[in-house]
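Structure in structure tokens, see below.
A, B, C, D and E are the chain letters, set down in written order, and residue numbers restart from 1 in every chain.
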Amino acid sequence: ADDDATLQILAAASLTDAFTELGTRFEAEHDGVDVEFSFGSSTDLAQQAADGAPGDVLATADEDTMAIATAAGAVADPLVFATNVMVIVTPQDNPAGVRSLDDLAGTTWVRCADEAPCGKAARAVLERAGTTARPASLEEDARATLDKVLSGEADASLVYATDAASAGDAVTTIDIPAAERERNPYLLATLGRAGDADLAGEWAAFVTGPDGEAVLTEAGFSRP
Amino acid sequence: MTGPAADGGSRRRPRDPLGRAPLVLLIPAVLAVLLLVTPLVTMVAATDPASLVAALRSEAVRDALWLSIVTSTAAIVICLVLGLPLAWVLARVDFRGRRLVRSLVIVPMVLPPVVAGIALRTAFGRSGLLGEPLLGLTGFAFPYTTWGVVLAHVFVALPFVVISMEGGLRAAGPVYDAAAATLGASRRLTFRRVTVPLAMPGIAAALVLGWARSLGEFGATITFNGNYPGITQTMPTLIYVERQADTDAVLALSLVMLAVSVGVLVALRDRWLVTA
Amino acid sequence: MTGPAADGGSRRRPRDPLGRAPLVLLIPAVLAVLLLVTPLVTMVAATDPASLVAALRSEAVRDALWLSIVTSTAAIVICLVLGLPLAWVLARVDFRGRRLVRSLVIVPMVLPPVVAGIALRTAFGRSGLLGEPLLGLTGFAFPYTTWGVVLAHVFVALPFVVISMEGGLRAAGPVYDAAAATLGASRRLTFRRVTVPLAMPGIAAALVLGWARSLGEFGATITFNGNYPGITQTMPTLIYVERQADTDAVLALSLVMLAVSVGVLVALRDRWLVTA
Amino acid sequence: MSGGGGLSARLAVPARLDVELTAAPGDVVAVVGPNGAGKTTLVQALAGLHPAAGTVRLGGTDLTPLPPQERHVGVVFQDRRLFPHLSALENVAFGPRTRGVAAGRARAVARDWLDRLGVGALAARRPGELSGGQAQRVAIARALATDPALLLLDEPFTGLDVGVAAALRIELAGHLARYDGVTVLVTHDAIDALTLATTVAVLDGGRLVQTGPPHEVAARPRTEHVARLVGLNVIRDGDRHRAFSPSAVTVSVHVPDDSARHRWPGTVRSAAPHGDAVRLQVHGDHDLIADVTPAATRELGLVPGRRVWLSVKETAITTY
Amino acid sequence: MSGGGGLSARLAVPARLDVELTAAPGDVVAVVGPNGAGKTTLVQALAGLHPAAGTVRLGGTDLTPLPPQERHVGVVFQDRRLFPHLSALENVAFGPRTRGVAAGRARAVARDWLDRLGVGALAARRPGELSGGQAQRVAIARALATDPALLLLDEPFTGLDVGVAAALRIELAGHLARYDGVTVLVTHDAIDALTLATTVAVLDGGRLVQTGPPHEVAARPRTEHVARLVGLNVIRDGDRHRAFSPSAVTVSVHVPDDSARHRWPGTVRSAAPHGDAVRLQVHGDHDLIADVTPAATRELGLVPGRRVWLSVKETAITTY
């Protein structure tokens, strides 16, 4: 790899933990390479990429947002590098005794808003399971949804497995059988104006390679 | 009474006796206006008319707009009720620790709105220091309710209102307070009949600042109250959520908000903002 | 000069001659302070000391804090340079359309910050109406640069500064302008030597408002400028990112911000905020 | 003197005021003294507006602990302080309203006072739309309309034209004659002190240097300021004072060779009509005034700059 | 009259002012008139501070299109308008500074003026820390320190104690004698008009009703206001005026049976010392003043409320 190169990655906020770790490993393997991230909402990042924001790689949390960048010609041929799945989380002591989607009715629970990637997934899961319980709130993003449980403001919430994993022991995680079929993809693409397309390509390979697999799995992602 | 000449019927704007405004002030003033107005104009230009029509037809938009207006107005009323007395105390009462109180009042302005929401949660959330006992005693909790939205708006707007009002009250000279006192007016009556009317331009400006701040508020609201249509979904929240799905709609929604707020601001007659 | 009694050495705070402040004002004032301060206190209480230490050690935090201070300060200087003249024009020059200009100046306050960022992009973005020709001519574009952060801060803070300063300037009576004119002072000199010093308390308060608003700004910044550490990542942006990973860290980071801003506010002596 | 019933005050403001003042009910105390003597400070301290050590008792009540709003005073401020946001009528009605008078009645009272002061036609104007003298009259009306127990008038005739001032003195004299409260009247005008006051209090450097009935103070002024005020010449002679009237002064352009024991050289500083005479200000070892006939003024060429001799007969001098 | 060299103004403010005023270089125009006559409006219009129709020419220059800062006027405002944020010294130095005088020199000039007005010791104080009269003196110093071509003094002696006022008149008289600009002096005091002015302009209801040298205006006043001001009785008789001195009036308590052709009944409104006499204000068909001896006052019981007859000999009356 080149000396003193910088790899600039625009990545969905839900990738913060995993990508930061991967960045450290990548730097260790690539002497003189500096990996820098700009985390944000997928929509923001895709629009910024379309607008010509500096960066070599764009990683978004769903297809629709990546489509914004694709449509603008900023990226081509995005690849799915991970998927995520919905789970229920409750505070550690699960005060409302939630065991499944059916228990949500009558509790103060939250999920993502329909417009957010995580909301689309949540709604699909709920529809598939035939749940009609009304949430207290439709949260702006996955992290805010998790936060409501972490802070004790909600008895339960529907979040990504990755969010549950990041919360560790602070929450109780309950798998949703119906969710398996509503996995949502994370996409990665090299930006057309990448300063160093080779390095960007190496990052894609790294993320899809063994290191990536290890770190992403650890963070709760699944392979596509 | 018997004047030398009748006042001409023409109400022409008289030439300013002090002469023209100096360019050294006019030029930056024009730049400032351009800086503030250009983005608004380009935003309007970038908006797809079709999505504007769609936005106006949408029930979700109407609900959110209504909720925004209701909660901002409620918040500003509370800011008036709580903030005006606090501004008065800061302006008129010479107590130990006044400087500290003033600094503490300013601090919430510095908080990024999301952090303001988190701070509110630690105090008034369902498991917050005050919120938990409140929930236990009354079964009521602020989060996920319209009251919670109002609380978040008040928390965010109050510092602006207080600091800005204090300036207005200080300008309404204490010499008139003294005159009112000699006429037998209690401090309370003086406040109501003398201080407040004299400071009205400043108070009104402060309320406009607060109302505008509260109307645009979103981070604290969504963090503390979440987002549910009809209950906690204000216009900014709707816009934020909508943005993840449909960027065009965002501009249309923003325009609707702009139109409403300009309408309100223009409707508040000039003298309500600042009197000459 | 030859007084009847020497001034006692003791500098006791004299009893207010107008009597005690009325409870009807004191009670809401205390409520207002409690409302504003409680969330700050509970937030401090909820913060994990360990993460506070970690935050203070982190280089990213130091970078972001520094960038925040630099950009907010730059923004407020620009707000002073552009906003004070505009406030003066609104306060002193009687021109057709003044009411409209004032409303337009207020409008950006109403925009949710994210929308403000979008509006900025339509104007100053790389493909914005002004941004595109600018990029073509000079190769410079605001977005994703520290200049862009400053621009976003100015856009968000300027309305507060202008409206609040206008109140201060109006209170600095035009009768003194007239007196200065008879002494031969040009409007410019009068502005500098009379109007501004007289309006200083209001101007300073306006700058504090603007600085605080700009320090907490995040939505417009991240939308318009992205989130690049060291270049566009301010404290609020860092806090946003950190929130995705670790809520505890958010509190710690917020505390750091609070401490810095309280420090700055207290350091600005009382008289800079508002003089008695 | 006991202050029972009337006013009895002992007030001290560090470096500005240290006085003891008593007055019987119905008294009008004219406070005179040079600029900066502490007259306004005294008024403000009596009203409770200026922090001061000491006590103020009025009609048996101890006002000291009371804030201004409970002292039931009426104040004409030297700087007027009309409420800028209220009309003249509302300004005057303010006091009665706060004292619990019904709105309609308060407005009637206010209108009556404005009429009495000749500004009834301006009732609807705000202070900013009044001339200086018009505003001053509104300020006087405002102070009187509350029917106060203690009336504090700080240069109330400032800026009034002669006609109004004269009429107002008459009006006020009538009002004060019927009034059993205490009035403190700060003035720079001898006429006020002599026509309205029952007592004159001379303030200098924050202290009372002389108090007494107007004619006594006028006849035996103890400060140059009062002497000037009442138009007497006073010369200090050790701890005694020698006073003589300007009309007792003879002016000559040469050393006088008459029997007058007292004579001083000096320079004419100004000459101005005074009644039917011409009043000269003469500057020398003492600054003296002399009244001469217009004829003499012309004959002797008594214009400013002229060197003259002044002389007074011993018999024309009062020593005290 | 031509305005060449001096002041020549024609000014109209709707419903408040409509005057034509001329003055030669070095003239001091005393503007007198009742409250609300338009005196302050005139001053402000001359200074360019009040929008007015008409023209103002001074020393051959047309000031009309010039803003106040280029008119080179010096103004003592009726409401003073000292800059509250500047010390007395800085207030006075402000004018010289803006006229380009170096800082040190401007401060020296300011200090000199403050000394001349007896407030040099208060140079470091802000206006809020001065007494009314002290502030007034600073305001005068500020107006004079710029060495203006047109000096506009709106009641400059307001609030000054007699000693200072007298000294200031002398000081000002000296200053004005050396001064070849035009001075407009608004006053309610006859002494100012008579001692300082070269011309008296009488304003009433916004119009000039009389202009002339002081002694002429004093001798033949055309308005009751001026008559009061100079202490004459004036009675309008068709379009002619009849004036007589208060000392020419005989007061009796019964219908007089002497030869006096002119007599009027009336009621004493007030009695006050005036020079060596007592001046009575008598209210009847005409409001008249009469000077009587203190002895007569006592003997006839001339207290307010007393019904009296006033009479004047035809020979004592000037008709014009």
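In this section, contacts are C-beta pairs under 8 Å (C-beta built on N, C-alpha and C of every residue); 3 or more make two chains touch, one makes a residue touch a chain.
Bear in mind that the values here come from a model prediction, so they are computed numbers and not experimental data.
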Exercise for the section: Give me the fewest steps it takes to get from chain A to chain C if each step has to go to a chain it touches. Expected result: 1
Completion exercise
Those chains that touch chain D and also touch chain C are B, E
Practice task
Give the chain pair that accounts for the most C-beta pairs in contact.
Solution key: B-C
Handout entry: Distance-maximising chain from chain E - centres being C-alpha averages
Key = A
Practice task
Compute the rotation angle for the C-alpha superposition of chain D onto chain E, expressed as a multiple of 5 degrees.
Solution key: 180
Practice task
Averaged over CA atoms, how far is the centre of chain D from the centre of chain E? Could you give it in whole Å?
Solution key: 20
Completion exercise
Chain centres from averaged Cα atoms put chain A and chain E apart, in whole Å, by 86
Fill in the blank from the handout: Separation of the C-alpha centres, chain B versus chain C, in whole Å, is 15
Problem - Between chain B and chain A, distance of the C-alpha-averaged centres to the nearest whole Å - result: 36
Handout entry: Touching two or more other chains - residue numbers and ranges from chain E
Key = 48-49, 67-69, 79
Problem - For chain B, residues that touch 2 or more chains besides their own - result: 17-19, 118, 178, 181, 186-187, 240, 243
Practice task
Enumerate the residues of chain A that touch no fewer than two other chains.
Solution key: 147, 151
Fill in the blank from the handout: Pairwise touch list, complete, is A-B, A-C, B-C, B-D, B-E, C-D, C-E, D-E
Fill in the blank from the handout: In the complex, chain E touches chain C at residues 47-49, 67-75, 77, 79, 81-85, 94-95, 98-99, 121, 142, 146
Completion exercise
Per the touch rule, the chain B residues reaching chain D in their complex are 1, 175-176, 178-187, 189, 193-194, 197-198, 200
Problem - Parts of chain E lying in touch with chain D, wherever the complex brings them together - result: 33-37, 39-40, 78-79, 130-134, 136-137, 155, 158-166, 169-170, 173-174, 188, 190-191, 194-195, 218, 224-225, 228-229, 231, 245, 247, 269-277, 281, 291, 304
Fill in the blank from the handout: Counting only contacts in the complex, chain A reaches chain B at residues 41-43, 47, 64-65, 68, 108, 110, 113-117, 135-141, 144, 147-148, 151-153
Fill in the blank from the handout: As the complex stands, chain B meets chain E at residues 2-8, 14-15, 17-19
